Each structure stands twice: as structure tokens, then as C-alpha cells.
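Look for chain A in each of the two complexes below; its partner is chain B in the first and chain C in the second.
And now, the complex of A and B:
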């Protein structure tokens, strides 16, 4: 383990968040759901780390745990998530976490309506947020709110700040969320599928706004998405999750040019491409995700992986296959095998299994 | 076009399954303590479309442009304010709720959010069984067997019939929604963002499943989505909506190869490509989103269109129909030559409020810009 450790510590300049061995489980009537199973990753200042992966793989639970939003009597949380100055988020008291939330770590959600209060004016909500963390007058906070709305591209911001959330379109509400998230210049912005419900032109505006702010303020962004096009356009690094675990972590170029985990190959192979000829059928990954109540032993992807072999009953570690590489993956195949196996019909993907596709 | 039949309505030919004629849906906007109506949202504003048997029509457009409202109106979950919907020639808008029962069986809907649309207190067997009951035949053992067969058909374990919706993942819940729709043995299925919340591999499974079911049962689909790559994959034709109106209608391949409406062009331009070497400087749509209660006069896109002229602010462009059925509501369409422009005719599907005559001309100003940007030869 220790020689592997060396490769993992390749430089991330100016680390703002380090998550290590994070585990989150929920007790339910059917048993214990291991939603997050030993997740580790780091985020550097001013970078965009994208988290992609299977629906239900634990992306949102991981992010919400950083904000203390999964704390509940039926949840068990262990591991560590530390900010640059050593503040530990997993064990922090609710009061300390409250202080971190909004001021140092901010989050925007898929559905902005659920995070805004319908009966308060948009500008007042942002001003409240500012005053919760800073000693400023009401008037000053309001003025700041208008400035923030301007910065995220809301036209006639002074006037619009007096509107109620329902008078805004989905895209504008999402911008309000961003304005709110940035009101206290956080070090980290967590964005959980911020554009999934929006059309592509608005998506592109929102992404451009996040990008501008990142460049201006150096905020680090943790971006959860299932759109690999979005990943290609805005991410610096990528973490791929499958059934509660990180299965691959690398630079954005590598995920598209040199992906090492079979699940990642399947994901890339499934994307319908607007820039390519349309195929008769979309390639898929056979089968369905494993139950988190009783995940398979060994590699979690084993039940669906066409490349599995005897070794896969043993749990693979997340490790780099080349010395000094920051590209890590969790699979027993050798690097040589991976590079040969991942090409299917001239592109990256998984071979179509002989069995029936849906089973 | 060999199997041209005359529909009972006696009008359009070519076995139209669904004919939407000048459909309008307006929602009252209320304000103040007494809820006085202060205006209307023109959610669907004079839309005319047809759908052939076995066809898939894609429906795309800006958030809030009226896609869901149109979809819901087709299954009569929302009442139209005006216009007609004919299913196999029968006017549905004239029917009362009671008479709609037999029709409901033929037109089913799959909702965007499977979590919200499946009753959490009902078992899967009850949810899917409700569709079977719409057909009114099978009961007891026979119905149970049918439920199990359907679950297997959509790739679920028949043993799951006794479970509740929350025990399934997002992708599995979407399959349940599809099984419920299929149970009624429909002819037409309206799919509102059926794969938007799912990861790409599950998305691909659902898309392939829909493909198979279409072949097997001869289904027609109306497929609403934000993801233009998915829409292109599934659709025969695509309708683009903007602020309650159809602005472009074309075969799927041609829409992507030759978008004519500036809004369509900006949509296509905004699609993120999963290839980091092709990171582009996104050209952003500027200008303010117009209000749906008080839409701009003339062309509704003129507040944001880079190629708008004075004409655009005054006259609503009718739908211009080109040789291969490609229709566009724009005074200055993109990607067409002068000859094509001169041969276009005013489509019968044009909104009533639009100009009585076609006034097409290439926008000279934008042509220069595009040619420089793409290094293309000038179109004659």
C-alpha cells in the first residue's frame, strides 16, 4: 500500500479539500444501504472537479455529506473531509458546520425552486444570506445582492431583485442560486446537476457564468453531472463513481483519451453523439446496477463487466498503474490488457454481450 | 406514400394518427388578494402538427416554451383553450370526460419524473395493473400474468411486482412508467423527458427499449427532451418550439445538417460535445428572455435574434415550407439559397396571427458574419 501511496500524492497545487475514506450508510427496513463506500478525492484551488457515474452511485450523498446534509439518526458517517486549514467537516459540530456552510463551502442544487423561499423577494434572500455570515447593514447587503445578480447576468438587476422566485424562469432561478452561493466568496462551490433541468442554451450560459467566476475568484468547483459533454467543456479533473465507490480518477483529457476502468468505457460508449453518424442502436452496459443492500463481493462492477476474470472476486484497490501518475482506477486488469480491450469497433466501449441485453 | 387513405375527417391523407390543429393553451395569471386575472400565459399558441402511424416526433425548445403543456394536452390532462386534436380522425376536444375513456387506452403518457408520477403507496402490480384495466378485459390470474410479462418485457424482474416504487433506482422506475403506459396497449405514447434524469448508460438502455417496443407494437411516439443528441437518435421528425410556437419542423437528419431558424442554430451551437479537444468558445445567446404573458410583437425571437430586421419586429413570420417538407417560421432563414427561398410556399400550418404572405429574404448582414466564421462560399 505504501508504495502506491507515493503515486497518489502527485501534486495538486493548493489543495482546498481532501476527502479520505468517506463512508455513508443508511439503515432502512430492508437492511443497511451502503450509499458511499470508501470515497477519497482531493480538490485544488480554482479547479473544476467533475463527479460522474451511475444513477444511485452515491454522488449526491457524498456531496451532501460534505455540507452535513445527510446527518440523521439512521445515517452512519465515517472517514474524513478536511478543508485547507484542517477544519474537519465529518466530525464538526452542527454549529461549526453551520458557519462553514455558505461562507466557505456553498452548494447549488438541481432544483433551484426547492432551495428558494417562495414568499421572500429574491434580493432579500441573498441579502439575508450575506448578513448571516458578515456584519453589514441591511442596505449594504441589499446593494451587494444587486451587484451579485448583475454579475451572474440577470438584466435590470436592481428591479429584478424585488421579484419573487416564481416570477423567474428556471434558468434565472439557477443564476440566483449561484449568486447566493457566491455571496460570501466561498472556497468551494458544490454544484449538483445544476443544468439537468435546463435547455442547452441556458445550460451553456450557466456553465459560462460558473467558469467566469472560477477565473475571477479562484473558487474550486465540485460539479456533479451525467452529461459527459459538460464534463469535456468545463472540468479540469474527473472522478467516476460506481455503486458507492470511486472507480477512476484522472485529468479530463485522460477520461476521454485513455480511460482505464471498464465502467468508464461503457459510459463513454453509451453517449449518443451529435457530431457522429447516428447508429442503429445505442451501445449500453448490460444488466442493472447492483443493490447497495447486498453489493457483490470483490469488484462492484463484476456482475456487468464483460472482461471479468477469476481475480475480480477480490476487491480491487484504487491505484495508479504507472509510476508518478495521478491517473488512478479500481480494476484488476493490467494496463496493457486495458488498452487492448477497451477498443470496440474502432471506438472506446464495452463489447456487446452474447446474452440478451436486458436481463 | 402508397397507402394513402382518406381519414374519416376527409381531409389530410397519409394515414395521420394524430392531427393537432391550431391548438391553444392559455393559463390565467392571477394577482392580488382576490386573485384577479391580470393576464394570460400563452403556453401553447396556435400549434399545428400531424403525426403518422409508427412515427416518432421529437419536440425540443427552451425551458418554459410549452413542451410539457402541449404533451399534457394531447392526453387531455390539460384542457385546450382553442383548436382541435384529432386521433384517427376523431375529434377529441369535442369529447366529454366519460367518452374519453376508450381513447385514454390508445394514448398514454410517460412522465419526466418517475418518482413523482408513481403512487408511492401502490405496489408495482397495482400500478401496471391499472393500465391493463383500461382495456377492460383481463382480471385475476390472467391480469397478474400479464403484469409479469410486461415487467419482463421492459427488463424488470417479474418478482418485483409486489414491491413499492421507492425500492427501485431511477432507471428502474422509468421502466415501470413505461410498463404502465404499455399495459393499456396504446397506439401513441407521449414521452416527456423520459431519460433526462438518468445516467448515459441507463439512458441508452431505455432508448433502445423504446425502439424495440415501437417495432414490436407499431407504436408512435412524441418524444420531448432537452438532450438534442438523444432527440436526434430517436426521432424521424423534430419540431422546435419557442415561446409557445413551432418555429421549425423538419426531418431529424436535416434539422441538424441544415438548421434554418436562428433559434435552432443557437440550440445546436450550445450542445456540449464530449471531446475535450473540441472545447469551444461558446457563442452565447444574448438579450433578454421575453415574457410569456406579454410576448414580443412580430417574431417572438427578435429580442434575442442576431439577425433581426425591422420586418421581424412588426410581422409574425408564417411557416415557410420548403421542397422536402422542411418548415421554418423566419423571415430570414439560414442555410438556404435564393432559389430555395423563392420556391418556398406558405405552410397551411402557419399560425393565424402570422403574416398572410411569405416575405422571405436572406439576411445580408448575417450572411457575411457566417461566411467569415465558417469560411464557406457565399450561397448564390
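And now, the complex of A and C:
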């Protein structure tokens, strides 16, 4: 089944980004690392698509590739990533890409403490981006920077715009980053682990801010995260990545109600729940992610999957198990097996320690 | 208020440093064998009686701390005289200063500019042939002693190819072209070492800066690569270079010109110091050392201020 066919069935009518068969590999001294292996997804106008996965799953590399930030002499990038008007990001010239960055696709990063240049005032750093894309005077760009800072909830914005990054707290710096990202009214905001480096209380404030701005401006958000709590809070759809591949894709409620891939179950099982008795040890997925230098043949998750069987040596396709469903996963288990296997102790997720064997 | 305290602390530590330098320099000459100044002042054929008279007249038979106090008083009121030539030390220094300043300032400007250019090219071409060539040149420059390099240049370009005039100094006020012609080789000789150091330091700070999150943000903003390089990479990488430059300039003016001046016979302050050391003439050495130390202390303070100007993070922690 081709991906195109699935796209046609999907409910998204108005998409701002379509990524198809994106592959990113890096030549290293130890061999070729296939960081992103045939990834396809779409982002609809005004929606929040979450890409979930652990470190090394390729989620950040995918996002950075959209911005052209992974381009380097030892990187090989293929596939396609098109904006609504057909602008192709993968093959765009550096110059064309430069025009897209910051103006049509903007990005905020994980660590706001280091994401700004320390020697310039924050207002000037925002103004710099505005002036990179629009012919406006320095004064006008600065005035707009102040408005933006106000909009992302920075008190005394006019005064604070003249402060330097180190004079802001982490949460406030992330607000500055958001203001900067939205300064040229982009179609897509890529948020790469935007709350990971922040305190828990600040995390939800920043998420709420992103959500407010999404509603206000209609910007689509591509949210990269490993935190399912964050997903539950703001995402409308979810793509789960593992070892460079998409292993599951669905609407956000389905990932919690009806997760289909054993890796997703593991992720869900390792989230502490306040509605359950807390176990002595939080369940974990056994082992560690495979080396992307030489990933296992067939299913990439098979080495850690407690439910693996002979079929897993053959590469599973990303497919929908029910007709007309937008819920797809990459696993050979049947729907019935999945629904029986994933229940452990009355909850979804893997038991501790993993000792389940099948077939 | 904080700034006042900071300035006072700096001043106090400067006085301590200068005092220590003066005492050490003073004492070294009494530790040197045959260092007795009375022997030299009395002349070759002096009788024991003459020597004793000289010793008494100059106060060399008084306790060391009294002698030290007398010398320091003479330094401060400017009346101190050389033991070998009967002229005041300050008039000699004043005579040599234009040559020394021309040499040091010119070399400092050359090594700063060339060092930055080579460092940036090295970083942009990291791993390629250009980078390897610059690194090789840097390490040769760093390892070549200036008297060897200066002699080679002097031999090849002056005596063999006759491109540059032989040593000596022409004041810039007298003939700017001859001034420059005489200084090209000394400048190069003095600058090569620092060019090598600066190129290597800047190469690595630029390479580090290029991979920071802030520079990734700058790219993500849609800035041109040139703008990212100049405004976000170089601007940050040059902060350590600026302070290095201030301190190196002070070190050069405080002593490193000595060898180069001697090789090229520039008759500057450094050469005066070298001659004075050779004849164990304490007063000029003491004065020149103290002036050098003063200058190093002053440049240190300037560098601190410069640092605060260039890096807003320092500004808020000190004020």
C-alpha cells in the first residue's frame, strides 16, 4: 500500500506540510548512520502534530532537516518535504531555504538558555529576524519585537526588550524564542522539545502559550517530544518514531485508548500514573535502542519486543489494521493479538520485569 | 559603589605588584657575581681607595633597604641617573620610545589583523589543505625564536636581495616611507609568533562557536550565512581575542621588543635595557622593568573594562 493512498483517505483537507519518504543518513568514521529511514507525515493547517520517540529515534533530525539544519557534506538527504504552495524543502537551494527559514517555517529549540546569542539585546535579536525577511526600518522592527514580547506574556515588554538573554529566566527565554519564531507569521512552528529543559510548572505555561498562539494565529505546530504528558495536553495527532522509522500514527486520543504498536505500549507503561498505585520501579522498555549504524533487519523494535515472533525478521509495513482508519502502525501482530497482549495488570503497557514470551 | 570598591581593589593590587617587581629587580643585581657597581663606576684603573670613596659617595655601603629607598625616591622624582653614562635614565628612555612604540604598535596591529584573517579561514576550511597550511605556518611561527627569524630575514632580504634597508630607525616625522621601510622586517619578526597563536586560538573558538545552539538559532532565523558568521560567530569568538591582544601587547611593550630591537639595531628602549643589563647598570633596568610592569597592570585593567564592554554577561556580574 503506498503512502499516497493513505493520505487520500485521511481527514486532513488543508495541509501546510507534506513529508514523504524522507531519508537522512550521515557518513561517520564508523559507517553510515541511517538517522531517518523513510518517514512520511503531514501537518494540517492549525493542527498540533506531535512526533514522539526517545533519543536517537530520528525525531529531531527529521525536524531539523525540514529547516535544512542537517545539511552538511557528510549528510545524505532524500525524499520530499513540501509546503502548501509546493515549495520543496529537501532540494531547495540554500538561498531559497534561507528565505523560508524563520518566515514560513520557524523553529524553537530544547534549551532556551543557550539558544540566543549572549551579546545582543533580545529585542534586537527578534528585530534581526524581521529585517532578514521584510523591508522595514530598524525602529519599526524593534517596535514589532516589543509587541511580540508583550503577546507572549513578557511583562514590561518595552523595557525587557532592551535586556540581554542572560537576564531572563529559562521560561522567559523560551517565550522570547516563541516571540521570535512567530515574528514573521510562519505557517509552521517546529517546536523541538520546547519544554524539556524547563521546570514542570513552567512547562505547562509554555505549552499553554503555544496553544494560545496557535488558536490566535492559526499556525500549525510540529511538536517534537518524548513526553506523552505533553502530547496529551496539546497534540491533535501523534506520530511515534523508533530507530529512524514511524512505527505508529494516529489521532491523539487513540494513542492512549487504543495503542497498536508494542513500542508505544512500552512508552505508555513507563509513564507514572497518579491514578494507580505506584510500583517500586517504573516499568522500562528492556535494552536500549539499536545502533543506527547497523539496525536489526526486519522490525527495528524486535530486539527489545517481548512479543516478537518469526515474522518479525521481515520488515513490517506502516499500515492501517482497520479499513478507512487513519490509525496506522508498523507491526506484524494481528489486531486481536495486539488488543490481548497489551493489557498488563489491567493497564496498558509492559510489566516489570519483562518476561512475557509468545508463540 | 561596587565599581568604586572594584577600582580600589585593583589599585591596591597594582601597587603590591609594582612594589614586588621593584624589590625583586633591585635585589637581583646584588645577587649577581661581580655586580658591585662601585667597581664599574670607579673605572678600570681605580685604586682600592677610589673604589671605597665611590662606594661611600654613592651609598653602596649603606643597608640594602636604605639604598632601595634612595633609588626609588630618585625614580619617582625623575632624577635617577645611569651608573655608566652620566645622563638621566628618563631622557634615554624618551629618546628610545618612538622606535619601541612604532615597533610594538605596528606589530600588534599586524598580528591582530593577520591572525584573525588566518584563524577565520582556518576554521571555514577546517580539515582542508588551506587549514593544514595555516596550522603548519602557525606552529613554525610559534616555534621560531625571534632572533633566529629576524637574522634570517635580515640576511636574505637585506643583505642578499637588498629589498629592505639595513637596521636602524628613521623617525616617522622625518620620513614616513623610510620609517616604514626600516620597520617592515622587525614588525614581521615580532608579529609572526603572535599571528600563529591568534590564528590557532581563533580557529578553535570559531569552530566551537559555529556549533552552538545560538548559531543554530541564527541559521533558523533565515539570516544569510555571512551575517551569521560575522554577527553571531565572530562577534562572540573575538571576545577572548580582544583580551589576549591587550595582554600580549602589554607583554611585548614590557619586554619582548628587546630581542627584535637588538637584531635590527633600532636603538629603542628595549635595546637600551639590553645594553644596561650587559653593563650591569641597575638604574635603567630598574626603571624600564617598572615601566613595563606599570604598563602590564594598566593594560590588565583596560582589558577588564573591554571585556565588560564586549560581553554583557560580565557587565551584570561586576556592577
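Rule of thumb we're sticking to: the second predicted complex is superposed on the first by the 340 of 359 C-alpha atoms of A that agree within 3 Å, B and C clash if a C-alpha of one lies under 4 Å from a C-alpha of the other, contacts with A are read in each partner's own complex, and residues count from 1 in each chain.
We take it that a contact is a pair of C-beta atoms (placed from the backbone, for glycine too) under 8 Å apart; a residue touches a chain by one contact, two chains touch by 3 or more.
Just so it is clear, the structure is predicted and the values come from calculations on it, not from any experiment.
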Chain B versus chain C as contact partner of A:164, first or second or both or neither: second
Between chain B and chain C, more extensive residue contact with chain A: B
First (chain B), second (chain C), both or neither touched by A:133: second
Chain A residues touching chain B - in the complex, by the definition given at the top: 30, 52-56, 155, 169-172, 196-205, 207-208, 226-233, 252-253, 256, 266-268, 270-275, 278, 281-285, 288-289, 357-359
Of chain A, residues touching chain C in the complex: 67, 69, 94, 98-103, 106-107, 109, 111, 114-120, 128-129, 132-133, 164, 166-167, 177, 180
Chain C to chain A touching residues, read off their complex: 212-225, 227, 231-232, 235-236, 239, 310-313, 316
Contacting residues of chain B [partner chain A, same complex]: 60-64, 154-155, 167, 169-172, 196-205, 207-209, 211, 226-230, 232-233, 253, 256, 266-268, 270-276, 278-280, 282, 284-285, 288-289
